[in-house]
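What follows are several structures.
Heads up, the next two complexes both have chain A, just with different partners, chain B and then chain C.
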Partner chain A sequence: MLDLYSPGGSLLHRLPPAAKMLAMMLGATLLFINQSLPLTVAATLVILALYPIAQLTLKQAFAQVRPLLIIFMLFFAVQWYFSGLELAAYVVLRLAALILLASLVTLTTKSSDMIDSMTRGLRYLQPLGVNPEKVSLAISLALRFIPVLAQITREVREAQKTRGLERSVIAVAMPLAIRAIKMADEISDAIDSRGYRS
Partner chain B sequence: MIKLQDVSVSFGKRTVLDNLSLDLTERRIAVIGANGSGKSTFARLLNGLALPTTGEVLVDQLNTRKKGRDVRRKVGFVFQNPDNQIVMPVVEEDLAFGMKNLGFSKADIASKTDEILARYNMSDLREHPAHLLSGGQKQLLAISGVLVMTPDIVVMDEPTTLLDLRNKRRVARAVAALDQMVITVTHDLDLIADYDRVIAIDEGRIFADGAPAEVIPAYERLMA
Partner chain C sequence: METTAPRGLATKDIVYIALFAALTAALGLMPPIHFAGAALPPISAQSLGVMLAGAVLGSKRGGLALLLFIALVAVGLPLLSGGRGGFQVLMGTSGGFLLAWPLCAYIIGYLMEKDTAAGPAKIGLYVAFGGIVVMYAAGIPWMAFIGKLGLSKSLTIMVAYIPGDLVKVVLATIIARGLRRAYPNL
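Right, the complex of A and B next:
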């Protein structure tokens, strides 16, 4: 969800975010209820077929599951060993289909539209004390700052590596925490400066 | 106009700014000083992010202590590190953030977003993830995010410190072209050579105040 949105004007891009999220939840539920390998294969093919419809390439589809390939292989090996080849294929394919489905939503929906949609949905929870604007800001900040924190972690790691401390968790965690806290202070000032009413 | 009346700022026993009284009226004002001299605190006083321990800061007669929100609407603030100022994941979302907070209409948000992106040749980056922008683009986005809120005054805290020469020049051109009053806190003496007024702060006090041609050489001698 960090930089997944792929601009376009396809039917899937134009669908309301709430409809896409509901469809994703429904699709995910059906994938889990279903216990059949052929149906899972069919569902995966249908999801893959939606990528070109959304003006996305199969390369982009593969990019969504690539970071998890090692985990898939691990799952597959364990399941094959304990439960047989068919169940192993079913479990891994179902997981891949879920990721492809969720990615299809994030690739065709701007994070702001998704957050606006969630904010509207959360308004129903206001009587329970939920503040939709705060929740939506928190989600936006998380999306914005996960890559920034990843970058800071890389910088701290490199700095500690030059001092021979790359194996020390504390040597990385402490400066990272200090920088994150300092950054949080400034972000809070920036949000204040830009007229946010908490 | 911004008026500082007998302003001091202390953190515990440490006095960061000591009894400053100033009227800031010029179109381009620079604040220079060594690290730890109090210049960033000075900048933060001007839009109410920091409050004086004693004395008052008035922005067009509004006291920053009592009317912080109104002051921040008048005085935009650009931080040194744009990564800490860009709060939304995508360029156009970040530009819209401040405008939404101020209650701008959707049409206004769209037109101001178009205008500012065109001004800085960033129209093709409209839907770009903010974290993938270059340093210069991030700083221009941070400045744009402030400008779309139509402040009367823009305060910048070391806006070019983290940039390479090309991006420094790009940001300097952007700053030079602004219609608003600009107050820049900086170490970059080239950036402020054409400014109307330079205030040099040393150990929390005003060391020199005047035209760049007078203040910059005096400051350079102090730092020698």
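Right, the complex of A and C next:
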């Protein structure tokens, strides 16, 4: 499964995922408590400086912010018009710093490692009725189902094409949903018949 | 749901939860639909997964399906439309909408369970309540907070998305009704 991880062996890559997540949450909270523009500029520069340390390029940093450029411009324009240039710069920069900080965690941590530390963490929720094994089963099933559903969609589209209905959402979605449920029923029977204790 | 084992989740429930989490991800692979030219922003099919999970699976399983989906996004899998994923998306401007998805599915499912005899109009109303009202009620204050915009300005930005969401409500209602008729014991 493709994830957004960028391979490397830096200190940030080697830190345990839980530590990185905690640091990120702390950093995000501080960014929001702080109200001054110069400190936000400094924070952004520090976060950007972490990119080369994590063996990431500034191009990768920019790629994280790029999908939000339009909304940044919109926020900037609205804030500038209503509250002045300084607040506009502060708001947009704070947002950019937040995105860059969180991206740093995503880029330096494998999804599989993150899933492992999450399911380990779920042990502590066991008294509340959470069963980590069931969560693991759900995760692996979901990851397997995504390409299967994409495949079923292609097949249904192909079939509906012969009726000229490949562009009709309902004509594709309905058979897709029914086939998906049928597959799910068969899989759960198969799991149970192999003696999985639920 | 009546069929659910009294204690915990049966294997079937786990498989359904995984299926609807995957369905929401697969809907993100569909290209966004442009239905009003450049007048309105293109709609992503993804929140259709939220509506369907709630309307088909009910409160508990629907909510858990979306919780699973959001967890998979958080760990860095590019499952949101446009191949986005990771904490940065959940913390960004639309984070409130995304984090509300499990709650939206739960509420749609809850309303459906309270009124099992609901006709299409009522189902549509329930789906619209959970999938639009609840989602916006979480997403707009988040956007206002993170962008230091007032609530009214954030609301103005989101008005453009309502027509697209209404299209999804109609689709979700039709599909959920069809599925419930095909599989009465989901």
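Keep in mind that, in the parts below, the second predicted complex is superposed on the first by the 128 of 198 C-alpha atoms of A that agree within 3 Å, B and C clash if a C-alpha of one lies under 4 Å from a C-alpha of the other, contacts with A are read in each partner's own complex, and residues count from 1 in each chain.
Throughout what follows, contacts are C-beta pairs under 8 Å (C-beta built on N, C-alpha and C of every residue); 3 or more make two chains touch, one makes a residue touch a chain.
Please read these numbers as outputs of a predicted model, since none were measured by experiment.
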Partner chain(s) touched by A:Ser111 [first = chain B, second = chain C, both, neither]: both
Partner chain in contact with A:Leu122 - chain B first, chain C second, else both or neither: neither
Partner chain(s) touched by A:Leu48 [first = chain B, second = chain C, both, neither]: neither
Partner chain in contact with A:Leu95 - chain B first, chain C second, else both or neither: second
Contacts of A:Ser193 with chain B and chain C, given as first, second, both or neither: first
Partner chain in contact with A:Leu68 - chain B first, chain C second, else both or neither: second
Superposed model, chain A: greater residue contact from chain B or chain C: C
First (chain B), second (chain C), both or neither touched by A:Pro7: first
Residues of chain A contacting chain B in one complex and chain C in the other: 2-3, 5, 110-111, 141, 143-144, 148, 183, 187, 191-192, 196
In the complex with chain B, residue positions of chain A that touch it: 2-3, 5, 7, 110-112, 140-141, 143-144, 147-148, 151, 183, 186-187, 189-197
Partner chain A, residues of chain C touching it in the complex: 5, 8-12, 14-19, 21-23, 25-26, 29, 52, 64, 68-69, 71-72, 74-79, 82, 84-88, 90-93, 146-149, 153, 157, 171, 174-175, 178-179, 182-183, 186
Sites on chain A touched by chain C in the complex: 1-5, 21, 24, 28, 64, 67-68, 71, 74-75, 78-79, 82-83, 87, 90-91, 95, 98-103, 105-107, 109-111, 114-115, 118, 129, 131, 134, 137-139, 141-146, 148-150, 153, 169-170, 173-174, 177-178, 180-181, 183-185, 187-188, 191-192, 196, 198
Contacting residues of chain B [partner chain A, same complex]: 44, 47, 49, 69, 72-73, 76-77, 79, 81, 83-90, 92-93, 96-98, 101-102, 127, 129-132, 145-146, 149
